[in-house]
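Should a chain be cited, it is by its letter among A, B, C, D, E and F, assigned in written order, with residues numbered from 1 in that chain.
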Amino acid sequence: MPAIQPMPLPAETVRLLLSASTATITMQLLKRGFRGLAINGVRPMNPAAARFAGPAVTLRYIPGREDICQPPKPTDPESAQRLAIENTPEGHVLVISTERETRAGTLGDILAWRLKVRGLAAVVTDGAMRDAPVLSELDFPIFAAAAAAPASMTNLHPVEVQTPVGCGGVPVFPGDAIVGDLDGVVVIPRHLVEEVARDSAEQERMERFVQREVRRGRAIPGLYPPNDETRAQYRAWLEAGEPED
Amino acid sequence: MPAIQPMPLPAETVRLLLSASTATITMQLLKRGFRGLAINGVRPMNPAAARFAGPAVTLRYIPGREDICQPPKPTDPESAQRLAIENTPEGHVLVISTERETRAGTLGDILAWRLKVRGLAAVVTDGAMRDAPVLSELDFPIFAAAAAAPASMTNLHPVEVQTPVGCGGVPVFPGDAIVGDLDGVVVIPRHLVEEVARDSAEQERMERFVQREVRRGRAIPGLYPPNDETRAQYRAWLEAGEPED
Amino acid sequence: MPAIQPMPLPAETVRLLLSASTATITMQLLKRGFRGLAINGVRPMNPAAARFAGPAVTLRYIPGREDICQPPKPTDPESAQRLAIENTPEGHVLVISTERETRAGTLGDILAWRLKVRGLAAVVTDGAMRDAPVLSELDFPIFAAAAAAPASMTNLHPVEVQTPVGCGGVPVFPGDAIVGDLDGVVVIPRHLVEEVARDSAEQERMERFVQREVRRGRAIPGLYPPNDETRAQYRAWLEAGEPED
Amino acid sequence: MPAIQPMPLPAETVRLLLSASTATITMQLLKRGFRGLAINGVRPMNPAAARFAGPAVTLRYIPGREDICQPPKPTDPESAQRLAIENTPEGHVLVISTERETRAGTLGDILAWRLKVRGLAAVVTDGAMRDAPVLSELDFPIFAAAAAAPASMTNLHPVEVQTPVGCGGVPVFPGDAIVGDLDGVVVIPRHLVEEVARDSAEQERMERFVQREVRRGRAIPGLYPPNDETRAQYRAWLEAGEPED
Amino acid sequence: MPAIQPMPLPAETVRLLLSASTATITMQLLKRGFRGLAINGVRPMNPAAARFAGPAVTLRYIPGREDICQPPKPTDPESAQRLAIENTPEGHVLVISTERETRAGTLGDILAWRLKVRGLAAVVTDGAMRDAPVLSELDFPIFAAAAAAPASMTNLHPVEVQTPVGCGGVPVFPGDAIVGDLDGVVVIPRHLVEEVARDSAEQERMERFVQREVRRGRAIPGLYPPNDETRAQYRAWLEAGEPED
Amino acid sequence: MPAIQPMPLPAETVRLLLSASTATITMQLLKRGFRGLAINGVRPMNPAAARFAGPAVTLRYIPGREDICQPPKPTDPESAQRLAIENTPEGHVLVISTERETRAGTLGDILAWRLKVRGLAAVVTDGAMRDAPVLSELDFPIFAAAAAAPASMTNLHPVEVQTPVGCGGVPVFPGDAIVGDLDGVVVIPRHLVEEVARDSAEQERMERFVQREVRRGRAIPGLYPPNDETRAQYRAWLEAGEPED
């Protein structure tokens, strides 16, 4: 089994991604022709810890089989799951593909704490997580499709890390940027991360201006999307230091 | 595209509807032979802003197509969505039909704020909403089946306003009363709104009495539904000023 | 219709079950060869009242039929639902099977309060509950697959109590132990309750030690599952009075 | 376990039911206020053997559990399944409720042949059937939601016979009339069987006349549903001996 | 309610469309950037009558409501369904949108025969059809997601014709070309019909050559998609009169 | 990308597997503790070509992405799909994993013919197949969850061959035996193939005897499963040359 090579994103790129909502990022992806890069049906276990961005490390599970899926023993051979837990680099996002199996949790509180201690940015799965009583209060972004008490080996078998996987209907390649907030999780193809981060941050800034105008009672036509006059007002607002009111 | 004619409900009717739970209203509808007027699977984006009542304005989306669903430009022709945003009358409820498409949000924070500023009573969709980080804290009732980051034109195309639509398996005609709380959203056919509002408010009063008795340890038989003796006690309780204890 | 015989669990067994998470209990069940005893898709109506354990009393609904499903009248004959409400013994868990019908609520606020007053441990259904505005704040564990405004007789008909039922894909026999927390609900076959309770409590103790080590930065291999060295450290920690730090 | 009492329908009633389509029967049920008595999603294993009518005997399965669901042994105690196989009376329809579990077959070729030899009218399940290679050519009406190779004890446990059950979302009481054709299966409440049979046969006769007119090019308005003039023509056609052309 | 204007396709276009499979047509649509124009989950009621092509007329249903959905009477006012039955022009395809409601049939044998007599090209619905015993043998293309015995007014209410609708997840505009075969149904946007018809017919011709080569044992690389050498061979084959062997 | 190593099964093993139904094979698997090795929801495209057995070669797809999923060109680099088409050894079964994506077909008529010409035993996918008009008449076993017109690159991207995959909820390892008939497809873990084949063939022989007895009117108890007396009769029947009557 290959070691996991770090594929870090520039710190500035991560900062820009964290300044933008996933809604804004998907608009930038749509402008580039991508309609299917928001993972369906995942939500943060702890809504207060939903904001993250980082490069993907993948872990792939297949359905379990009774003879190879048994309660863990210290003498078990190395598995892809164990490899991912101990080797996913700091700042990366562990993306766990399960073919949407939600009857068993992919991780529980002990492994989640280990990943938090190791400095990962987040964990995302289209399956379930267990130990929701702990995870729902943990200051670590974990996105899943459900909570489920049974351990992973009840219905799932880990196969490999760092191959392309599907997660909630979205293709994820190792190194793609993964970003999350309360709307869910989006995937940015690696070769587009920097331009999407830059343009998303700019779109956020523009929409702060639009939002201010809306709260003041202005109508949508001409404002959003902005016509030339609105763009001029926006530039003036930028030059004025982006006043909140 | 026709203008949107206001179909306001009497203020007293709205007041009565707001005094009753959707559970009570569905019982009044069942008494009139209606078993299918609770919209399935919608929840408030902000549980603290779940209570509303008002007449329906409808907006209908169909699945999107790549050539006509593109990022918005200021030169785009008028659309049914834009019409609904700027013309749904104050106090009305915008009901958005999507055939349960939840991969894209029908509205985001900017349009939601616009509707709040314009004085709508609520927005309800059997699809998704985007910008959950904002909407989950907005003091404006928005019910949806999911949160999703992508903008509506990713998968949806607006067609028309003010035609009868399906929403989460329920028929909605313009002017029907729409009422929501934490149980979800119910639809009251227009011609029945006043009697349902009146009888629901009365049922709520009766159930406050029943609830008091239950908390005091009384058994259900004879109490709920009330027999003649209980009805007499209820009348006495009404005459006594509806004491809480 | 037979009376409901109490099948109480020893108080110590209940205490041990309440000390363990459902995640831990499913691991003990997996060790005994059971992979399918976590009820799928149910969540607490009030997340702050999610913890419970007790023996099952079952109530079974079938789909409704218009002629026999009408608004309740005080002259209605005794029903299985009424029997369950007034006869489920104190400390027991009422398990309501609906074949996953979530368009109508199985119980509302009045009956839920009655069950709370009568001292039940909890209510669990693979269907829905109504009156979420009240239930979401009630200090009484109620687990359901959804909230729904319509009353049970809208789509459901009660048939019998205390027969084996399916609940969310899991077989439940009267007297089985039912345990819940934020991960959902698990079912422990009656003849295994005491050993599963005992071993779950012990596993919880061991995992508190493991969790402490993980928070201190220790890696997973050799720790979890524990090898001989870790087991020795665990015994020392026990002898030291299980220090938190 | 109680013996299975025969609840035969009059031979003439069965004859009338067999002369009507399930589409016609559901219209007669709708005229009496029933909208939900067509079992969803079941199809004949052998489309050439889809036509049947008879009174229901019910068999109820719950989800399986590993310890009580094992390959069969000759020393197994009597089960509800065995009871149904050997005691469902001739001419009756065995209705098997599974909560829509289709991963295991409720019956296979050996038990299906036994039921055919014993003279049952049909078997209907909202679960699956196994041995499709044999059943798809067997001259015996078997309706199921799917074919599946695994035997019933893989995922299902038989509980009881002759209690009210749900089947594909429809309530079935022992003795209800069950009728099938290529549209699926409908359930007629016992107390309505004779009038529904009579009126369905008459409706079929009327629709044969309508069908003849349509094939001759006549338009639908006034013809279907028939106005007074069409009714007079229909009576003339009846008096003429119902000519095909 | 507006009359239904014919939007006929040129006879040569229909001929070309009928010469191509829906698989080939979707490839031509993909080449033009369309990924979502195959209607999901519909199949021919009679597999021997699956081939058709023609322009769309739309009919839209919403979920039913008990008071307005009753058994038909000759005095019922004109409905959108009746209008579609009697006014959809010859050679057109009636596309019926139901939001995927399959518990009731949109049409039965009498109306299907009427449409066949009136010369329609086909009927397509994302809902169900009733009277499968007749329709499965009728020489008229009818595509549906299911068979179901109940009549449309059991769960559905007709609203309007000739507006854009969704059908099985695909947008359909009046006048779009609709084409069906055993793979299901595809929708071609009106403004692209002629070029897609032309290029699909040419692709079919090319694939007949490829298919011949494959049957002779030739490997796929270089053949499919064809490289320059294969294209030259193809041209020679065309010049030789497209020999089968 | 690694070459595909043949993992042939002994000819006698294949012969035994072809003599047994998948229903019988799943019983032998259940006797060894396996409850989840029947692939859910797949059916033969051509029911007359449903019988096959052979060792698995796997091909894994993930969801598609617009930039890497385009109509094929002769200059495209080698893909996992192409590798599987041209290198899966004779007699093997190509198992295609798609995470149950049925909106696009994994293979069409040209590639299916290529696999037939190359001598594969069968193709199985939990996704869809296109060109059903051809495949439904092809004398080559192809099992899929659906037919769909769009080509694979519309929604799917091929990633790798010969890794463990999930297919319809079942784990498939390269070299596992795959067997199909009208009940669907079952997977036999490689290390158990020979004993399962042997015992399945023996069970089939025994069930032919049981089936004969049932057709003669014998009751099920004591016959199936067989008690000692029945076993003796069975041995006598074997010694008599297995007479049909």
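Here, a residue touches a chain if its C-beta (ideal position, glycine included) is under 8 Å from a C-beta of that chain, and two chains touch if they have at least 3 such contacts.
Keep in mind that what you see is a predicted model, and the values were worked out from it rather than measured.
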**Q.** Labels of chains that are neighbours to subunit A and to subunit E
**A.** B, F
(Q) Return the chains shared as contacts by subunit D and subunit E, ordered by label. (A) F
Q.
What's the farthest chain from subunit E if centres are computed as the mean of the Cα atoms?
A. C
Q | Interchain centroid distance [CA atoms averaged], subunit E/subunit F, Å | A | 32
Q | Distance from the mean Cα position of subunit E to that of subunit B, given in whole angstrom | A | 37
Q) subunit E: which residues touch two or more other chains? A) 35-36, 66
Q) Which of the chains are touching one another, listed as pairs? A) A-B, A-C, A-F, B-C, B-E, C-D, D-E, D-F, E-F
Q | Complex contacts: residues of subunit E adjacent to subunit B | A | 33-37, 62-67, 99-100, 157, 159-160, 163-166, 169-172, 189
Q. Can you list the subunit D residues touching subunit E in their complex?
A. 21-23, 25-27, 30-31, 35-36, 38, 40-41, 43, 47, 50, 181-184, 186, 207, 210-211, 214-215, 217, 219-222, 224-228, 230
Q. Subunit C touches which residues of subunit A in the complex?
A. 66, 71-74, 76, 82, 85-86, 102-103, 105, 108-111, 113-114, 117, 130-133, 136, 146-151, 153-155
